[in-house]
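Structure record follows, encoded as structure tokens.
Chain naming follows the written order as A, B, C and D, and within any one chain the residues start at number 1.
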Amino acid sequence: MGSNVNLRYGLVGSMGKMGREIKDYFSTFGDKLVFETDRDYINESGRPDVIIDFSSPTALVSTIEYCKKYCAGLVIGTTGLNEEDFDKLKELSQSVPVVQSYNFAEGVNILKEILEMFGSYFDGWDGAIVEIHHNQKKDAPSGTAIMLKNSLGRELPISSLRIGGIFGEHTVIFSNAGEVVKISHTALSRRAFAIGVRKAALFAMQAEKGFNSYRDVLRNSGNH
Amino acid sequence: MGSNVNLRYGLVGSMGKMGREIKDYFSTFGDKLVFETDRDYINESGRPDVIIDFSSPTALVSTIEYCKKYCAGLVIGTTGLNEEDFDKLKELSQSVPVVQSYNFAEGVNILKEILEMFGSYFDGWDGAIVEIHHNQKKDAPSGTAIMLKNSLGRELPISSLRIGGIFGEHTVIFSNAGEVVKISHTALSRRAFAIGVRKAALFAMQAEKGFNSYRDVLRNSGNH
Amino acid sequence: MGSNVNLRYGLVGSMGKMGREIKDYFSTFGDKLVFETDRDYINESGRPDVIIDFSSPTALVSTIEYCKKYCAGLVIGTTGLNEEDFDKLKELSQSVPVVQSYNFAEGVNILKEILEMFGSYFDGWDGAIVEIHHNQKKDAPSGTAIMLKNSLGRELPISSLRIGGIFGEHTVIFSNAGEVVKISHTALSRRAFAIGVRKAALFAMQAEKGFNSYRDVLRNSGNH
Amino acid sequence: MGSNVNLRYGLVGSMGKMGREIKDYFSTFGDKLVFETDRDYINESGRPDVIIDFSSPTALVSTIEYCKKYCAGLVIGTTGLNEEDFDKLKELSQSVPVVQSYNFAEGVNILKEILEMFGSYFDGWDGAIVEIHHNQKKDAPSGTAIMLKNSLGRELPISSLRIGGIFGEHTVIFSNAGEVVKISHTALSRRAFAIGVRKAALFAMQAEKGFNSYRDVLRNSGNH
């Protein structure tokens, strides 16, 4: 399985930044966009195997209806979902595969797994996280930095730099008296997320019904 | 268990660079050196729980005799051991715990485990290793770079820089179209190895008889 | 002087990747594109103060004519110019300001100046250059790496990595027995060049007639 | 001139960490220690060309007397000198060459010069300094980070990490919307300072009387 398979996909929020990036990237594989919607705009030209939603929670009810209508899996990266929204997604996952994540950058998800699995090996070491983002980013520390810290299961100082146009860098540093280990992730552009979204869509196209995180996508793609 | 325990240890090759580093480091914990030897020099002042050998293969027979005499575990970092030497070590490990490794830097061993476990997650990514050492190091690529590549189980280009006084840096880089992940290890000084040797010695002091690699030390220390 | 000034500019090769990036970036300052051309397409809607050409040597004669027609300065980043082309540019520079460079990334030009000025301070140090680019880049080492080496005026090993989607990173490393100095430049995207092009255009708008490199732009902008 | 010249030197504070490092390093060049003192200990076995003092302000009066007695230049790295101490050094510099600095790491001094000279080129860029030191270092930000910021002549956020055994790293980061420039210095060990001290001593051996900073040493060594 992989990049040789073509997708027939639907896209909710197809005119937003992430929507356009997904279309750009998917088109390089010859995937077919057969259904798209953005606010009042709708264009249905075929039956999608998977629907991708990177819009807003207000679109959720409508997105779920489309998934049911087409028996299409769902890949959803919308932020700000509440408990009720998750209930709806879980209900949907009883009939089709759903992949939900707040961060589709594959590398970030790999780092998370590494820190969960190997964090305790660094128990006797000092640790710190440095994260650098462009000067338009308002929150600090970044959600990803907090997620990485939580994966590690211990407190670490986080240094946040907001500078220039740096898209997004996270570095976890460990040091003991004689060694330094650094594990870092750099997102080069929005493309970082589009790659993960496509892997999730391929996963959803073939998976059984059920509710999945990106970890499930990762474990599946790591096995082949 | 950990740094609160005191060791009573023996040291073969106590006057070499690594021997002196071990003595320096262990003394900061109040460990007692009760037996030491280097070429013709011998000083036996007590019964060691563990014997540490960072000398040469020629010392092996004698080292093994001392381990048997004192029922002491063995931590051995001697390079250039042949098959026959390993047979002797395995025979010894039927009566006492033996820890053998060519690299006692804990961080390097952690990287090795990470690459073994997560290497397949990077299957669709490009990869490379950059290793930098001081200008006195003659071999290239470094043994550690080769070991890391092998842990990953795929071919990677290795760039070797020999420059100034850099003690030892290894960086494994992965990149796809939108992301970069770097995992790096820097040894700051010989202290990097002494730390791992002491962990191995503490492990050997409490382990059952048997033949162990540093991985066993790591897994043991990661669990507490 | 700076970002508060608006440009009225012309653009040759306005539909290429670099042309579109320039339009995107310049529009964020409210600059007016009053003249553009790409292959057979021409749109003249006003008199430009500066004409920017990032197309090909075949456009040069026509570009020069437009500069003369409008008394407009020229910023030219076309690659592959030959001696005859440079003669034409120098002839033009007797009536208007011309800025010619093969690399408009300001940071790269700053690095070049630093190495020219301070290279001899590193005479007793070992040195190396590591440059990393995406896997579509065919030449190695990069032209920029060679330029940086030449700025330094000594031979250095250059390690070239071609990996994933990394847009362009150059690191010059120096090390003696006790220290390491690294000077690095990362281009995050094509935006890196658009920024330098706009600074060159602002410079050309105000400069006297004459032939200039990016160094002249840099020295001018560094003085305010 | 350079490493082929042998020094006949005196050393005040010869048994401190820096004193021992200087002796170790200088001995690799065949330099002769002809006079040394530490607290109550004195050993005069010859006439030094240069006296090196890395002890404490309380030794200053005695050190100056020895310089006068032997007509020896002075290289002084003592911290915590007050105005009166500087007056004494300046008085001494009317008869012999004096080199005074709070940081003899050559690379740090080069960075300082680079930032002084090229800082204004980064006026439109965002900037930050990240400095990382071992967990025993109590002050933050480091004196060197403050010095680098001052060399730049503008305010920059400084992130200070105290972690493991990292001897000392300083990174100055600049970024605009499309580029990142990093200039970093890593001290690998105390050797970093010994190298600069020897260059200063060679400088003092040949210089005219006068008061010098490390910048004078640098400019002199950069010209050959």
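Definition applied: a residue touches a chain if its C-beta (ideal position, glycine included) is under 8 Å from a C-beta of that chain, and two chains touch if they have at least 3 such contacts.
Source: prediction; values computed, not measured.
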| item | value |
| --- | --- |
| Copies subunit A and subunit D touch via same or different residues, half shared test | same |
| Centroid-based (C-alpha) most distant chain relative to subunit A | D |
| Chain centre separation (subunit C, subunit D; CA means) in Å | 39 |
| Centre distance in Å when subunit A and subunit D are each reduced to the mean of their C-alpha atoms | 50 |
| Cα-centroid distance, subunit B relative to subunit D, in whole angstrom | 36 |
| Sites on subunit D at which at least two other chains make contact | 165-166, 174, 176-180, 188-189, 191 |
| Contact graph of the chains (line, ring, star, complete, other) | complete |
| Residues of subunit B defined as touching subunit A within the complex | 2-3, 105-107, 110-111, 113-114, 117-118, 120-124, 174, 176-195, 218, 221-224 |
| Parts of subunit D lying in touch with subunit A, wherever the complex brings them together | 125-128, 130, 132, 134-135, 157, 159, 161-166, 173-180 |
| Subunit B residues within the subunit D interface of the complex | 165-167, 188-189, 191 |
